[in-house]
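Okay, so subunit A shows up in both of these, paired with subunit B first and subunit C after.
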Partner chain A sequence: MVPKILTVLFAFCLAFHASAQVPKNFEYGPRPPLSVFDPTGFLNPQLAKSISDPLTKIYQKEKIDVLVVVLTDLAGAPPEHVAKRFAQAWCTANIHAVVLHVPGRKDSPWIVPAGKLLEILNPKEVLKSLEEAQRRAAKEVTEPDKVKAAATEAADMLRYWTSNLINHSEQVQTERSQWIQKATEKARFRKMGLLLLAASTIPLVLGASMLILFLKNRGPRSFPSRDLQPRLGAPYSGGNFAVVKIGAPDL
Partner chain B sequence: MFSDGPPLLPILDAVGIWKDADIRKIEAARGNVERRFPQIKWRICAVNLPAETSLPLFGFWLLNACPLNPEETPSDRSWTILLLIDIRSGQASITPGYAAESCLSDDEWQKVLNSMATYWQAGKTAKAVVRFFKSSRSELQTAWKRYKPRRSHR
Partner chain C sequence: MKPARFVLPLAALAVLFSACETKKTSAETAPKKETAAQPDTPILPAKKGDTWRYDVTLEIPANTTGADAPEVKESSTRTRTYLGKVSPAPDRPEVDCFEVITADGSSAEREFVEIYNDRVLMRGSMTMLPKATKPIWLDRAIPFVISGMKAGTEMPELEIASGGVTRKTRVVAREDLSVPAGLFPCIRILMTGKDGDIELRRTTWFSPGTGIVREEKTRYRQDKLIYREVQQLMETSIKRP
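On to the complex of A and B.
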């Protein structure tokens, strides 16, 4: 029985220890002034500042937030989960990333982007960019350099996406304006076409009426017959007085 | 009284005033009017009558005395209009058959005859007759409209 209790106690302690490393209700408190959170002191202060200063400038100018977090252990949690917890607690920009490093881990550092703008991007493109950025950062020799490179790569990646989004947005605006212009022009041409059609109908109708009248009037004519009253015993004609002097021809 | 007349040809040039080309022009003009008014038959005679001969009287005698042509019926003759031109007196007359009398009045026929004068005096005798036919067609068209049956609107 005692060994059982001890096993349970040991497991509980391990879990507690692990849970102490996982940020629940953000036990790390408010975000530090620097963009680098390194409670373990893995990065020397100079290096930490050299990483943090450019990231701070980028955030001030472009509202792109990159946070570097160095932890000793993730306690079995996936890196993305841990990184996102930090992002949720400390990042408010529309696009941000957490560069998470656990010293000694060969697959570290991890770059985890997040933010509302990420939802607009193509997931395949995001994954491809992340893999390339992490591969480039991993080429550095020392771990601190890898962290610095990963931070730089993360910042560049987010800036690239943001500018692409802006360009895309402008392109969409332009295309939309062009579409509206085309639609307006089409509507105008359609209106003109209808007016022309209406205007041309009048001469067409007139022309058709005249043609019908002309065709109607082309046929032979006949006068009504009447009872003939012969005069002076003449069988075919009673004579009349239609005579004029037309003069002599000049032959 | 009405016998022993000569055959009444469509165009009788007793004075040799028209050439073949003139005859063809006159025939064409005549055909044009006959197509529009097929009832009416036309006869044209250019003659040189003795002095003091009454042209209307001569026309009256000619239309009644000439025998019917082989293809002519009495109805055709009564629908005939005879244009008579006397070279000696410089006169032209119209003699209509009984049926054709009602088409135009004497005044209207005189108007048609007067339309010939200008060309006739200029020596364009065939053209004068063509003019006569054109004027006749116009006057007959106007007269026909008076007789045209109208639709009644209830």
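On to the complex of A and C.
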């Protein structure tokens, strides 16, 4: 009974969390299980699956999200705006792209990348790669083939950029480690130098103290050293037993 | 002993100070380990007579080869054989050579490469059938695949014949690929460029120790697709180390 209640509660929490992720005013609802959203069935199921399967695999392994969206029209909105709305609603990966296609539009499909990692990339390089990818995809003969080509181009692009960033980050880390190692070695040498200096200070100080004492004993207000000579009958005798008496003479 | 009264404690302090060590995390002080040296080698241990058999699908859109020319969609088999060291022409050095022949024997091409333990360099090609042509020869060998290539790596862009021929090669990913010949760990290489007015896009899945496992070649001219070929490995005589 208790496990059942817990399961129901857990499922409720998950559903609540999932629904909370989707903006409330997103008219297309939650993201579908496939990486292809084609409500009108423009792409045949086999082609949709052949596009979606590799994208799903890439997302599972590399957390790179490419979403394909096919709409009948954009209601006058710019394609990038529509694509970004889908991305905001359905994509959470650090780098993702929406491939948006409107059947019949000559400038379609559009590839719109987004995500935190994109902010680190060189915008000129991004734009150049994007233009080349869209241009190649647009050269396909049929529209479904254009969509497939655009999805492949987008995935290749994002995978390359992500790995390139990782390589760059690793290179920076390696250089930083090498710099820290050099700094540590320098610090060690400095430490050894200080230790040697400290060790040599003690005999120096002792030597200096002794020198000061020696020089001090030679100067004024210093008593000459005593010269001890043996005396007959010393210490009790003095003057060869001569006694001197001062006072009235004895009568 | 007045001076010693102050100096000795100072010296002791200096010793203590220099003996103090700020603790650093091991991640900061330890240099990053170098990546495993050459895990993909030998990159292509081909012996004379080794073969690779591919299933090939070719698509040529309608009206490409001529007005009213029909669309072409055909499948065939292609065999690549390693011939050993061959010179493409009397004035050229001997290099590693592969001969690629279609199943019906209607066309044959020779690919000239330089195979080292850790890399394969492209050198040129030559059509043998239906008619032998002059070899296309690169004075400077171009790296095709290098062992240890990481995803996100880009090769230096190549430009030949004053921009008439350009090639840009990028490593997109390292991934496992399943083809009829089996499951292979592959380096996925994307090559784009131009041959005059023809734009090309070529994705190659190269498995270190085996060779080309899958390849998708697309050619475009005047904003249209003119040719698409997909080949995947059916079987090979090469033994993976």
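Simple rule for what comes next: the second predicted complex is superposed on the first by the 157 of 251 C-alpha atoms of A that agree within 3 Å, B and C clash if a C-alpha of one lies under 4 Å from a C-alpha of the other, contacts with A are read in each partner's own complex, and residues count from 1 in each chain.
Everything that follows uses one rule, which is that a residue touches a chain if its C-beta (ideal position, glycine included) is under 8 Å from a C-beta of that chain, and two chains touch if they have at least 3 such contacts.
The structure presented is a predicted model; accordingly, all values stated were derived computationally and were not measured.
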| item | value |
| --- | --- |
| Touching partner for A:84 - first (subunit B), second (subunit C), both, neither | neither |
| Touched partner set for A:236, first subunit B, second subunit C, both or neither | first |
| Partner chain(s) touched by A:247 [first = subunit B, second = subunit C, both, neither] | first |
| Touched partner set for A:191, first subunit B, second subunit C, both or neither | second |
| First, second, both or neither for A:31, with subunit B first and subunit C second | neither |
| Touched partner set for A:163, first subunit B, second subunit C, both or neither | second |
| First, second, both or neither for A:201, with subunit B first and subunit C second | second |
| First (subunit B), second (subunit C), both or neither touched by A:105 | neither |
| In the superposition, subunit B vs subunit C on subunit A residues touched | C |
| Residues of subunit A at both interfaces, subunit B in one complex, subunit C in the other | none |
| Residues of subunit B touching subunit A in the complex | 1-2, 17, 35-39, 55-57, 59-60, 63-64, 74, 77-78, 80, 82, 85, 87, 89-99, 101-103, 106, 109-110, 113-114, 116-117, 120-123, 125, 128, 140-141, 143-144, 147 |
| Contacting residues of subunit C [partner subunit A, same complex] | 1, 3-4, 7-8, 10-12, 14-15, 17-19, 24, 28-32, 61, 150-154, 170-173, 175, 190, 192, 199, 201, 203, 218, 220, 223-225 |
| Of subunit A, residues touching subunit B in the complex | 220-226, 228-230, 233-251 |
| Sites on subunit A touched by subunit C in the complex | 61-62, 132, 135-136, 138-141, 156, 159-167, 170, 173-174, 177-178, 180-181, 184, 191, 194-195, 197-199, 201-202, 205-206, 208-209, 212 |
